[in-house]
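Chain nomenclature is as follows: A, B and C, assigned in order of appearance, with residue numbering initiated at 1 for each chain independently.
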Amino acid sequence: MASMLWACVTDFFTYETTKSVVVKTWSVGVINRVFQLLIIIYFIGYVFLYQKAYQQSDTGVESSVMTKVKGFGYQGNQVLDVADYVYPPQGAGIFCIITKVIVTDNQFRGLCEETALDCAAHTDCQAFYGNNLVNENLSLARGNFPKHMTSKEIKTCTYHPLTNPLCPIFRVSDILNITGQDVNTLAKKGGEIGINIEWKCNLDQDVELCKPEYSFSRLDAPFAHNPVSQGYNFRFAKYYKTDDGKDYRTLLKAYAIRFDILVTGNAGKFSTVPTLINIVAAFTSIGLGTVLCDIILLNCMKGAEQYKAKKFEEVSKAQIEASLSQSQGSQLSLKPETKKSCDSGAFSLSNDPVP
Amino acid sequence: MASMLWACVTDFFTYETTKSVVVKTWSVGVINRVFQLLIIIYFIGYVFLYQKAYQQSDTGVESSVMTKVKGFGYQGNQVLDVADYVYPPQGAGIFCIITKVIVTDNQFRGLCEETALDCAAHTDCQAFYGNNLVNENLSLARGNFPKHMTSKEIKTCTYHPLTNPLCPIFRVSDILNITGQDVNTLAKKGGEIGINIEWKCNLDQDVELCKPEYSFSRLDAPFAHNPVSQGYNFRFAKYYKTDDGKDYRTLLKAYAIRFDILVTGNAGKFSTVPTLINIVAAFTSIGLGTVLCDIILLNCMKGAEQYKAKKFEEVSKAQIEASLSQSQGSQLSLKPETKKSCDSGAFSLSNDPVP
Amino acid sequence: MASMLWACVTDFFTYETTKSVVVKTWSVGVINRVFQLLIIIYFIGYVFLYQKAYQQSDTGVESSVMTKVKGFGYQGNQVLDVADYVYPPQGAGIFCIITKVIVTDNQFRGLCEETALDCAAHTDCQAFYGNNLVNENLSLARGNFPKHMTSKEIKTCTYHPLTNPLCPIFRVSDILNITGQDVNTLAKKGGEIGINIEWKCNLDQDVELCKPEYSFSRLDAPFAHNPVSQGYNFRFAKYYKTDDGKDYRTLLKAYAIRFDILVTGNAGKFSTVPTLINIVAAFTSIGLGTVLCDIILLNCMKGAEQYKAKKFEEVSKAQIEASLSQSQGSQLSLKPETKKSCDSGAFSLSNDPVP
């Protein structure tokens, strides 16, 4: 009983490794190593360094956007400030700069006047964006004010795609120029401009290196070939009361440039699971090189049949049956060393033409 | 020195392949091939074609929504337009259609009147949604106006889940019917309706084939079993001034149907890293078939012991030690060809019971 | 012809398995099994149970937030309600509680008065959040009202991070205390507070177990080292008309605490593709243990050369060429059994120095 258990334990603690054929031939050897080298270069260079496959990436960002518009507009000879031409006033991620208003004053029905505000065309009209990014999955919180700039520098800078790409203060006319829009047409019909803040964060590095990239696009461009509703406008009313308590209103159709701040992000951080899977894939791919070399070795090389003979050891049912009948004939005497006898029997059938 | 280096180089450029046992038995051969076929079908059919495992997918969409509500409402015998019953007016992704107002006119305290607006029940009340999708990670920008429809068709169409699923103009009463809501109850108490725009984009195909799917749901449904706040309402005030400059206000409690446009998306694009990993997984899985066949071959087949003998070549410590002492005995003469002698020694111990 | 086809079919339905060397040595056997055990523990414990690698996870949540602020504020001896101090009124995910107003009454130019609203400091000021989560990719819809609480309990509860972490009603002063803000400074200068609702959903379990976690942070904190715009304020105007129809306005600069409700989520659900890939990776990793054991066996063990001889069967070009010339010499007679002869030829060259 104890000896059987011991035998079991001994059988368990063995080590099984594949038997290999080592082919000492230059041609296949070089192909093999070159192939392995290519796979290693591909995995280290492309998969790991370039694609950063060792990182778990997360594109689901939740962000909070704070905006402030500054500057004056002119309507005829009247000066307008942000309280007049920005809607809604609280500085969220979507805001409209009203560029033209058609006023329908209900008190005096029938009278319709069109007035233009030229804020968009005016250079002192600036928008200021504070954006901070929150990603709880990777515990991340970043603001878009560059740390190397002083408060004064940030206050006085103006965004420029090449010379000042990190300044979070944008001149409206610059944005319209970058998107290639005709300012006058846009101011007349209204439009929707997207300000995309793209965060590409490598969280394995200092979080301070995770910088925003700004880009601008005309968001209503995809609707250009179906011009159902050109431009952008909305109606709202101002409500008044007469002395005797009667309501009346002024209806306003406002043509506006609507700015949508769209925050996208891609944060990557080292994670063991994708790293492991890619390492395993790399090792397995190196192993797959064997498949190619086998095809060459066993088909295209001189002496292919000899290589086949070395690599493959055939065993057919007939051999096994012959071996079985043989071992049964000498069953009693061989019992104590069945395995060894089987080995030899099998071997002698296929590999031992040596007399 | 040079010859040693040469030997090293020669040793490096070798090719190692596993030695295989080929079992020419129908039963195991058929099982093997059927198993491999099943794995190939599974990977090609399910993993690659159905699950599109060759694609990198991204669910983090950032979108911009533009809405416009049209139509008239009636309050008693007064006509109301969008400036009166839609809040906020600028056409963002969340907007409220006010269906009932409780007015508390502060000037005349104590007077409370309830009035109902029947926009929701009225058929000419339409909502118009422009939605465009931006996904910077896959550089994608799409609008929800179908290209095959002319401007006129889009202007005059009305969404219908079966006959017109791509029309971006929705009748409010249709939405309420689809969500199975009682229009009158909803108009009385207010409610929150979600309009889900789901983009499923296969970016390996033409981006024009990436179409939106609309669905509607009552968003306050999850709160139905805890009826803390039934319906949806909010309070706001209109401010007035008397002749002598004193402020007064009218407080309004507005019951409204709030529409939330929720844009979700799933964009997939061919990417080498997941493709490679899945191909490697496929090849490895095919190799795992060997495990099953080995179990059958080495345990359930007639002649299992013979097959074991063919597959496994045993080497024990005792054999190695015997071989070591043998080779040490003839050390000098064998030195130049150590490897060969070891080979033969090892072989003769385990495989050569043939006299 | 038919017999050739039959031979092809027979050749196809064969089974190829690697020939293995079983090393019956305790030391390597134990190392092998311990290594395999560690890999199994790592995969089952860390990769599958802890990291839930069998799940497909989705961080792209789309949610709808409904808020309601309740309570009174005081301005001097005047009482203010939500219609006066909450903006915008409709209860969306971003709302501002106005804490200080600087009024510039245009009618009487030059007169500027500063008044403070003390809602934030007052304890009966509560915010109520209804949040429901929609994720179409995993068909998920959840609300943040706990099912085990009755309507009355929800109505009367107040959030507390330890004693009542699921109650969706928050006292403003509590939020400010948790974020460690000085209420008076915040009320004076304004600020931005983030209320993060984090959903961690394991969709393999009951959806009811998928609970929200609330956390609070000062969102303008990342801008603290560049104090460009301290606090949070915005300007808006109230418009009036004189008896004779002339417009005038009151400009208000409102200092407010802005609350941004940021909903993040991470929903995981069993999926076959990542499960399969990780299982394959696990099996392959177990196989990689062989690499380590081979290094030990073939380099560090006593009798390493003998083990090498057992594992590697060398075949060089010279051998193949010798075998070729040999078989060509007896080509005619050997033809019917080419394979067998090759086998034996190859074997005799490398393994049969036994006379």
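The rule we apply is simple: a residue touches a chain if its C-beta (ideal position, glycine included) is under 8 Å from a C-beta of that chain, and two chains touch if they have at least 3 such contacts.
For reference, the UniProt names are A, B, C = P2X purinoceptor.
From a predicted model like this one, the values you see are computed outputs, not experimental measurements.
**Student:** Draw the chains as points, connect those that touch, then say whether the picture is a line, ring, star, complete or other.
**Tutor:** complete
**Student:** Quick check on chain A against chain C: do more than half of the interface residue numbers occur in both copies, making it same, or fewer, making it different?
**Tutor:** different
**Student:** If you average the Cα atoms of chain A and of chain C to get two centres, how far apart are those centres in Å?
**Tutor:** So the centre of chain A lies 14 Å away from the centre of chain C.
**Student:** Considering chain A alone, which of its residues make contact with at least two other chains?
**Tutor:** Where chain A meets two or more other chains at a single residue, that happens at 16, 18-26, 58-60, 88, 240, 243, 277, 280-281, 284, 310, 312-314, 352.
**Student:** Which stretch or stretches of chain B touch chain C in the complex?
**Tutor:** 16, 18-26, 28-33, 46-47, 51, 53, 58-61, 87-88, 94, 96, 192, 194, 196, 198, 215, 217, 219-223, 225-229, 232, 234-237, 239-241, 243, 245, 249, 251-252, 256, 258, 260, 262-266, 277-278, 280-281, 284-285, 288, 290, 293-294, 297, 310-317, 319-321, 323-324, 338-348, 352
**Student:** In the complex, go through chain C and note every residue touching chain B.
**Tutor:** On the chain C side, the touching residues are 10, 12-26, 58-60, 62-64, 66, 68, 81-84, 88-92, 105, 107-108, 128, 130, 132, 134-137, 141-143, 145-147, 149-151, 154-155, 238, 240, 243, 272-273, 276-277, 280-281, 283-284, 302-303, 305-310, 312-314, 350-354.
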